[in-house]
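First up is the structure itself, then whatever we jot down about it.
Chain lettering (A, B, C and D) follows the sequence in which the chains are written, and residue indices restart at 1 in each chain.
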Amino acid sequence: MIKIGIVGASGYTGEELLRLLSNHPSAEVVAATARAAAGKKVSSVHENLKGLYDLTFEEPDYEKIKKECDIVFMAVPHGTAMDAVPEILKDSKCRIIDLSADYRLKTNVFEDVYGMKHKAPIDAVYAIPEVHPEVNADLKDRLIANPGCFPTGATLAAAPLAAAGLLKSVIFDSKTGVTGAGNTPSATSHYPNLAENIIPYKLTAHRHLAEMVQEVSRLQPGFENVSFTPHVIPVSRGIMTTAHIETTEKLTTADVQNLYEDYYDGKPFVQFAETVPSLANVRGSNFCHIGMEADARSNRVVVLSAIDNLVKGASGQAIQNMNLICGLKETEGLWFPGLI
Amino acid sequence: MIKIGIVGASGYTGEELLRLLSNHPSAEVVAATARAAAGKKVSSVHENLKGLYDLTFEEPDYEKIKKECDIVFMAVPHGTAMDAVPEILKDSKCRIIDLSADYRLKTNVFEDVYGMKHKAPIDAVYAIPEVHPEVNADLKDRLIANPGCFPTGATLAAAPLAAAGLLKSVIFDSKTGVTGAGNTPSATSHYPNLAENIIPYKLTAHRHLAEMVQEVSRLQPGFENVSFTPHVIPVSRGIMTTAHIETTEKLTTADVQNLYEDYYDGKPFVQFAETVPSLANVRGSNFCHIGMEADARSNRVVVLSAIDNLVKGASGQAIQNMNLICGLKETEGLWFPGLI
Amino acid sequence: MIKIGIVGASGYTGEELLRLLSNHPSAEVVAATARAAAGKKVSSVHENLKGLYDLTFEEPDYEKIKKECDIVFMAVPHGTAMDAVPEILKDSKCRIIDLSADYRLKTNVFEDVYGMKHKAPIDAVYAIPEVHPEVNADLKDRLIANPGCFPTGATLAAAPLAAAGLLKSVIFDSKTGVTGAGNTPSATSHYPNLAENIIPYKLTAHRHLAEMVQEVSRLQPGFENVSFTPHVIPVSRGIMTTAHIETTEKLTTADVQNLYEDYYDGKPFVQFAETVPSLANVRGSNFCHIGMEADARSNRVVVLSAIDNLVKGASGQAIQNMNLICGLKETEGLWFPGLI
Amino acid sequence: MIKIGIVGASGYTGEELLRLLSNHPSAEVVAATARAAAGKKVSSVHENLKGLYDLTFEEPDYEKIKKECDIVFMAVPHGTAMDAVPEILKDSKCRIIDLSADYRLKTNVFEDVYGMKHKAPIDAVYAIPEVHPEVNADLKDRLIANPGCFPTGATLAAAPLAAAGLLKSVIFDSKTGVTGAGNTPSATSHYPNLAENIIPYKLTAHRHLAEMVQEVSRLQPGFENVSFTPHVIPVSRGIMTTAHIETTEKLTTADVQNLYEDYYDGKPFVQFAETVPSLANVRGSNFCHIGMEADARSNRVVVLSAIDNLVKGASGQAIQNMNLICGLKETEGLWFPGLI
């Protein structure tokens, strides 16, 4: 039984780790930290867990955690993980899966994009398993950078064309559920502001763009013609990414479909929609559903990907990464359908 | 042209007064106060007003307001109106329509229910025009207590049976939109908490119960067997009140329908639904739609009323009251349909 | 491995059985019938099941089903199950769990309430496991009547007071998600009609009332003073039941809380909310969350229950019943949290 | 008083014409046709109109209509208007504002895009007033083609750059409320399918693309590099258009802002958002709110426009067109704010 610690377990991604791990056959959560909630029952704070956990939130104590845990999930805001990561890695065998942004980018890119000095640069492995085969049981690294929600949906939408070197320009027009903004009430999450509305933001310069460029250019070296515009839609969970792609050559819908099916062959969490994907079909699950259509008039393709931002876009992918580096079956504890 | 001042114009009821008055043929907003927004254009804060107002929010200055205004709307939280009301009334001809709770109840009841000392008790007229015919051009009082949102919907649902002395017990099970809780983001208004959910609260002891008892017992002297349970539903605007009424004698649906049609004859803002009322049909409007069914098996009647909590439940009713006491047509500036 | 057949698997309850059984350790779906979808892959119709099922919908063939299956779930409309049930039971060892209304009521009550002749009256066991301890591995009956969604939420809200003989009158004011109305588009489910709205219906005479009376009067013999008013709220899944209960004696909130905790002791799927229950906390799960408050001024108690209408209110409870009559652990395949 | 006839008044755009015209100072609806609803009170079908109309739906009788009416609004599906238009225009002085697609495109383009023979080609004026100054009191044409909802939002988002000849490529990624699909319940409008979801459709080949190309290329001759992908979001009313524009030269946000402010100077219904526009701020109103940001890294600009699809995108614009061709003030009957 893998012993799990969750640092920052009172937020959405922490809660989601607790939800998903409550049914994992080979893992057990032994510690969950949350400063503000310390001393409270996990199931009094996250009432959906009533009956399923007898755990109590504790103050973060990294010495204790590194003794008790095999895997530590960091479910904290960016700028915070870097405070704890070196301490947890030091003199321990713990492996860390960091859901924050702290280790996803090269240090100089991180500092530029996030506007802060990196306090503890350490080599980490960026892990979207479907496009990073190095994430497996042989991996030596002990620090995994779990990708951002938007970059996961965007990368899965563009990867097969990128890997084939076919991208000329890409615009990711993404629509996200509001849990992506965290569980602190804000003007954006205020029901009368969001219901029956859509809130575009950071029209040309969202931080996740750097991750998208990193991943797409890794697959198609030299390609950086990527734009990204996010919108919050009146949805709690889910990201629909509409990728407007200009290709270097004219493709039919069948061409693109074949390319994607080949690329994702053997990747259980990527499935193809009958027509267009739906957030409902992946809700609460680790699946990514993909659909596409080539424009008969031009070199353009529209590719859609649908994920649950808290699962495939965060905590589910983190557990998928844990499964892979621990030598478990990739789907263990995650092989259940979306909640329509 | 009636000169209007709005104290507390940055909240929902203030905004709604501005929206509704932008089209009033006989009234003009000349002052809108809002401490936090002072100095900002009204239409920069409430962007739906762009093009329609050139007004700027100002700090509250009651001496200035009482000089400039004929009617002052108090759109402030309870406990705050009582600070300004005496100052505005003193040495002026201003009339005040207070949307707060400060003057709706007898002083001792107010102090008991709201748990605070009343700083400035003054006689006021409680005004749901459909059940308070004294609200007219002859009214001498200069302070109008505009009713609460829940009590408006509840009173309109029960008044005809109360006036006929037929009530034995009443349970108001009310479902409100979340704007009733104000425009400050909170756990209740946090989109992921409210969407796809319903939030019951104050199951037996909401403050508005005292107003309901006051109004129903005024119509049916001695009757106080009233219960009230509110719920927030995933809706921005509107209150659906389900009144579960036990009557002192057996009535058919037709009996009740006739009673209600007679009682509300000549009241333009009360209309009867074809089957059941709908929040959509009254959205943004000052109408109250009513529907009902008697239980064939018992002395029970279910009466439904639908209002927009910000209009008939607050700012629209306030303007209706203004029209009446100023000798204007009751419907002036308010005679437009709901937005389905 | 228990072999499962689902008759009528293209509707919401059929889909939900497929979802829930995809992870059941001791059961396997071997047949799923659906006339209109016959020949199509289950996962092409219910795309959330992509990757999880390789099953194809078939035309109903009861001879085949009774040979292949140990348990047959009837997920069909009322009036339809009675056509198939006798045929499936005859000369077979199959047990049937019927999610329709056909076998929930005494035959004469059924005929009265549903306005149709019962074609095949057969003794069945009505099964809300928390209040029907006879639903266990010793049960001889081969036909289980799975309760209606509203009656499940209502009965769980009132059962402890009924069992203690404390009920004087009960009004169930229920708020349901729209999946309760099925997956055929209708005026009620038309998004612009339901969003930002609430739709009361059958104010005094919904068919489920008979089931509620049956269950409450079974627990408190002779008590039939039950009223029921349903509303559709802008929610896909869930029923919040607000039970307005008049008791035969004055009780405090603590009295009621103790009574309920005792009554549901050892019932894993009933949990108590910290304050009020939430549809979010039970979404997609088989849990029922309960909260309550006694009115300090009177003999009234408000009890709230929250369930997912498709799970505890239908397919989850059906599987819970299957587990119990098959001698499995009650929670098998169902022990996972709600999706907030 | 202008006498108005509405053909097809039971659908959303007909209902919206009735709503908006109920307050128009210079126009009066004298006839409303609707086959299925003929003989019913307008306010029994559209209950939001209770108290405001005493009109009854009638069978279409064009001879009667052309005698009684000065202006006829065609609020019917495409392919239907062309049946009535020639008959109404013949031997009458009626002017027609056609909300259908029948007269928006050149005949050959119409036939190609809509896949049907045009039965009655007649010259018409396509009228988005902000970009078609020929729509004024001097206009001789008696047939006005009222634009489609998506093309209105898209054209207003791109027009200033097009008029300046600065477009290199444009992708309109549009998000619409579901009323755009009409008031017949369908799989798309089925609440559980749309709530908490987003439904992309016709990814590269929606019929409205032809209108967009027509309008943009009229402003920037020869420019046809336009793509369009629509999505239905869980919203009843509104279209947010995200225009991803590549320009022929590098522009700053201030450059673009100035260009747009100049272009729309004197156009009362176009307003600029403080940051990004919101569907809430234009809900129910005839306003279009616009926001924008230039990408500091490239020749790209993102422009957003928000409209109410049923008002500025249909019935409000139709009335605006009526005002203009009748020599009324453009804003008459339409000068009221959005309903937040």
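We take it that a contact is a pair of C-beta atoms (placed from the backbone, for glycine too) under 8 Å apart; a residue touches a chain by one contact, two chains touch by 3 or more.
Heads up on the chains, UniProt names are A, B, C, D = N-acetyl-gamma-glutamyl-phosphate reductase.
From a predicted model like this one, the values you see are computed outputs, not experimental measurements.
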| item | value |
| --- | --- |
| Over-half contact-pair match to B-D, picked out of the listed pairs A-D, A-C or A-B | A-C |
| Comparison of B-C and C-D (more C-beta pairs in contact) | B-C |
| Farthest-lying chain, centroid of Cα atoms versus that of subunit C | D |
| Subunit B and subunit C: spacing of chain centres that average the CA atoms, whole Å | 39 |
| Centre-to-centre distance between subunit C and subunit A (centres being mean Cα positions), rounded to whole Å | 35 |
| For subunit C paired with subunit D, centre-to-centre distance based on mean C-alpha positions, whole Å | 46 |
| Touching two or more other chains - residues of subunit B | 177, 192, 195-196, 234-236, 278, 280, 283, 340 |
| Subunit B-touching residues of subunit A, taken from the complex the two chains share | 177-179, 183, 185-187, 189-192, 194-196, 234-236 |
| Of subunit C, residues touching subunit B in the complex | 171, 173, 175, 177, 192-193, 196-201, 203-205, 227, 229, 231, 233-238, 240, 242, 244, 276, 278-280, 283, 291-298, 300, 302, 304, 340 |
| Residues of subunit A that touch subunit C when the two form their complex | 15, 19, 22-23, 44, 46-52, 195-196, 268-269, 271-274, 278, 280-285, 287, 289, 335-340 |
